[in-house]
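Here come two complexes built around chain A, the first alongside chain B, the second alongside chain C.
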Partner chain A sequence: MVVGAGMVGAACALHAAAAGLRTVLVDRGPVAGGTTGAGEGNLLVSDKEPGPELGLALLSARLWQGLTERHKLGATAEYEAKGGLVVASGEEGLRALLDFAAAQRRSGVEAVPVPADGLHELEPRLAEGLAGGVHYPQDAQVQPALAAARLVRAARDLGAEARFGTTVTAVLRTPDGAVRGVRTDRGDIHAPAVVNAAGTWGGEVAALAGVRLPVLPRRGFVLVTEPLPARTVRHKVYAADYVADVASDSADLQTSAVVEATAAGPVLIGASRERVGFDRTFSLPVVRRLAAQALALFPVLRDVATLRAYTGFRPYLPDHLPAIGPDPRAPGLHHACGHEGAGIGLAPATGHLIAQCLTGVRPDLDLTPFRPDRFTAEEATP
Partner chain B sequence: MTGERYGLAVVGAGPAGIAAALEAGDAGLRVALVDAAPQAGGQFYRQPAPGLRARRPGALHHAWGTWRRLRGRLEAHIEAGRVTHLPGCQVWCLEPGFTLHTLEAGAIGADGVVLATGGYEKVLPFPGWTLPGVVTAGGAQAMLKGGLVLPGRTVVVAGTGPLLLPVAAGLAAAGARVAALAEAADPRDLLRHATAVPLGKAVEGAVYAARLARHGIRVRWRHTVVAAHGVDRVEAVTLAGPDGARRRVACDALAVGHGLLPHTDLAGSFEVDAEQRTPTPGVWAAGEVTGVGGAELALAEGEIAGRSAAARLRGREPDPAAWATAARRRERLRRFAAVLDAVYRLPGDWAESAVTDDTVVCRCEEVPASAVREAVRDLGAGDLRTVKLLTRAGMGWCQGRVCGPGVAAVAGCPFTDPGRPLARPVPLGLLAGQADEEEEREQP
Partner chain C sequence: MSRRSPLRLARAAPGPGFTFSFDGRDIPAHPGQSVAAALWSAGVLSWRTTRVDGAPRGVFCGIGVCFDCLVTVNGRPGQRACVTAAHPGDVVTPQAGTGELP
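This part shows the complex of A and B:
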């Protein structure tokens, strides 16, 4: 039984159903109603430093290709293996970027240095005068809401049941503390295993089971332009500062624009990162900074109209790693949340590993870094 | 960048905005009246472009005398420098504090804001609604009032709402043949609520009915347009009656409208209190943006908003007795608006019966009804936002302003207006502040 029909929940339900488990997926809203529907669909390896998250990203990148072939996500969810291009404006930034890329290569990432005079061959409309960059062919893109909806659909085809508009109000436990299902506003659902894939709201679901998981929201804005001719922007392009922002512990605003075209034509410019709780208020200064950074990369977009801005909340845990796997504090409860801004990309690996846990198979990756009970009491108190 | 700071900024120069600006100006506030249109008056008092040199613009209008008085007062205020009229100025963002960011005139600062952004027309989809020659009822009226042109020679007026009568009467008076006037509502519903209809409104209705009769136009009540036919242009429409009978009517234009919706882009949906204050301190709202009710109601609400704002922005407690007459008018007209709202409705099953699977429901992104139905049936979409994410309906240039209600109806979910923090498409350079900086550099 999976709680949350975002991208991660969809992947968990699909992998569980494919493993032959009787699966029920519930969500208090519709499919992709939370962070999934407010994201850009980044499937990035380029922004991950060597470590457990990169391992997850590389496993996911492989699984995405399989999912795409099996479920025709290229046609139905705008999956595109377009590659990423990270650029540096100055020599110092470029040196740091190249060092970072060299370390990534040792961990299995394809990262190809691009000299300044090679940037325009990859990305003709890019600004002049950049110091150089790194090309990441494994980076890809997908329309996240469609991908989640298609995976839920695929899970249903394998016999899984999806119940939308159903709110989990309690986690049912046996006298010895094991999880035995959930109570919802539409009746009880009994299951020996409950997967918490509630994303930004994962802490609340954990609390229903009596355990603490310190998931907090980190707000982001994304800008959407008018449709542009195909191949105006060819890769996912961003400045090297982005990596530092992703890993930052600061509560303050960070912006570093990631610019990418979508299959339908509009260019997406994301994303800011701010810890402001669940505050949806539009912030013009944040959006202005995103726009300015996008123009620094692509001055050609200056007269292009921005049609809308949207906002969402990334679920983050104190060490910026997700919680994946069984929770020893509540036998039967599994977590699959806290992926911060990378949940779309990391979802297939997460679903795959959760299904392995559920069926007693040794997981392909060591889950120790993702243990849900890894936080000290102090860290777990926001 | 104007960089000017005003006591009050009024957004929209229709009846509500003008009334608010006049009251605030009378009370001595420095007022900016910001409006997207080239001339004040809004949709209701839309006037021919001066270049057309219309001899009798009032002939196309109802309550032209009221407009002449309003315009006279406004001109006096503008002359005296109490009201600064900024026509042709589109506000793309309202920032707390307040700063109104405009596409044409940079940023405008103000201590308080009256939102009088009006309403916009609701048009629901049906097969053929995207054909050239199909215009909105309000669009037909705007062509006539603003450009002195007709949408066609033989026009069918259809849909629902009190706007259809004056549109049909206006088109006929200007020389068009109105081949049919199809109103989806049931007149018996109107009679049931007869006691809530103000005498003035009853007289107004009778006047239109008499004008229509003079042109030989009969209102076909309980008739809806279910299809427009043609190849390059509309050639005929099919009307369906209450008994299911369908009739084809030849025409070269169809003016169709299904009522008005509040234009809430700048602030999202909200409710106002007795002083027309929104939940945001310092922001008032008046007219259609608070709920559609017509020009007369807009005038009353604008007057109250302007008086309340004038007092409160100078730190005084306003005296509601000062606007008692307007408040009484407001109550009466709101009751009437509620009646119209209850009466002018489409049959509950129109979306299933009229909207075929191949009907394009979102014109910008060319999304057919079948895609919306599939998203709901197969993909787990339960609300308008998810339908948009899964089908692209509402993601194009209009951002769902045109197609939102139709898509919601086809999806079978409630229509919720999300508000749009970017109320207009904004060039990235302007958004980034580059244009502003450059101008500042040029004019230190």
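This part shows the complex of A and C:
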């Protein structure tokens, strides 16, 4: 059984059902009621440095293509392989970006340097005077809530059962400590394996099973503009500073504009990062900074109205890697959470690897870096 | 015209009326009246078509939130008719889809 019907839980349920397992998916709210419904739908390889997370992203990028063909996500979930464009404003930033891209290329990422005079061919409305950039054709976009709903439906078509409005209140254990299901406010569900896909709330589910998993929220705002003509913004466009912000350990506010159009017309402007707990209070200073950074990339947005802003909480772990795989401290418990701002993109690989763990198949990727018990007692005490 | 007009009910004494042009037609308006209110008073209920299906759109929320009533005013697209005041001599034109960029 899978706890959490966000993008990652939906992918876990689909892959488990496809592997022939009897699968139950529960969520205390609806599909995509947490972080999935509050994101932009980034399927990025461009922001990942060589390492375990990039391996996960590349596997996911391949799986996304298969999912899109099988479940027609282009038509039903606005999947678009639009590619990413990372730009640098100055020479120093450009050198760092090109070095980063060269390392990524050695790990299998398509990363094409774009000289300053080639930027407008890819992105005609981009500001003048930028130093250059890198084009990432493997980056893609999806409407995350629709995508999660499509995958839940596909899992149901394969026989999985989904129960919404059902809150897990306890994890059931045998006398020798093995997990044997969950207690919910609507009765017990018995299962020899429980997958914790509770995202930002994954630490709470782990605690119900008596183990520590230090998942914490990192708040982000997204601005939504009025609908604009198609192809005003063609790629996922962001400033090179974004990568440093993602990797930052600072609790302070970081903002770096990530700009992309949606199928319905509005342009989305992310991405701020703050560690302020689960505080949902709207912050004008934060969205003002986002808007200013978006204008620096796309001056054409100056007179465009914003319709609204929304906020959500990325689930992060101290080393910025997710927890994926079985928890040796509670046999039968598996984790699939803590993907920070990358859960939509990394969901298919996560679901695939979890299904391999559940069926006793050797996982396609080494899960050692994602071990849920990798944190020291200090790290695990937020 | 009904005797129970909002102006009468509120005992309003607006300044002298004027007209603006909509799609080549003169639309009467009072000072401070929104473009949408003036269009409605003149019997015009729709002034935008959607970008995919070309379906007609006019006022939906009426309070500036939904951005469904977008119209082009004096060449500037994407104006919300429900919160944009009409001015004498304004040239208002219907908008197809999301219009052009400002």
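Note that in this section the second predicted complex is superposed on the first by the 382 of 382 C-alpha atoms of A that agree within 3 Å, B and C clash if a C-alpha of one lies under 4 Å from a C-alpha of the other, contacts with A are read in each partner's own complex, and residues count from 1 in each chain.
By our rule, contacts are C-beta pairs under 8 Å (C-beta built on N, C-alpha and C of every residue); 3 or more make two chains touch, one makes a residue touch a chain.
These figures come from a predicted structure and were not determined experimentally.
Superposition of the two structures on chain A shows chain C clashing with chain B.
Within the superposed three-chain model, A:152 lies in touch with chain B and out of touch with chain C [touch as defined at top]. When both complexes are overlaid on chain A, the residue A:309 reaches chain B alone and has no touch with chain C.
In the superposed model, A:165 makes contact with chain B only, not with chain C.
Shared-chain residue A:375: touches no atom of chain B or chain C. With both complexes superposed, B is the one of chain B and chain C in contact with more chain A residues.
Touch criterion met: A:33 reaches chain B, while chain C stays clear of it.
When the shared chain is aligned, chain C comes close enough to touch A:300, but chain B does not. In the superposed pair of complexes, A:226 makes contact with chain B and with chain C alike.
Annotation: chain A residues 226-227, 302-305, 307 touch chain B in one complex and chain C in the other. If you check the complex, the residues on chain A that touch chain B are 5, 29-33, 37, 145-146, 149-150, 152-153, 162, 164-165, 223-227, 264, 266, 282, 284, 287-288, 291-292, 294-295, 301-309.
Interface of chain B with chain A (complex): residues 93, 95, 101, 365, 375, 378-383, 385-386, 389-390, 392, 395-397, 399, 420-422, 425-429, 431-434. Across the complex, chain C meets chain A through its residues 51, 65, 67, 70, 78, 80, 97-102.
Within the complex, the chain A residues that touch chain C are 226-230, 232, 265, 300, 302-305, 307.
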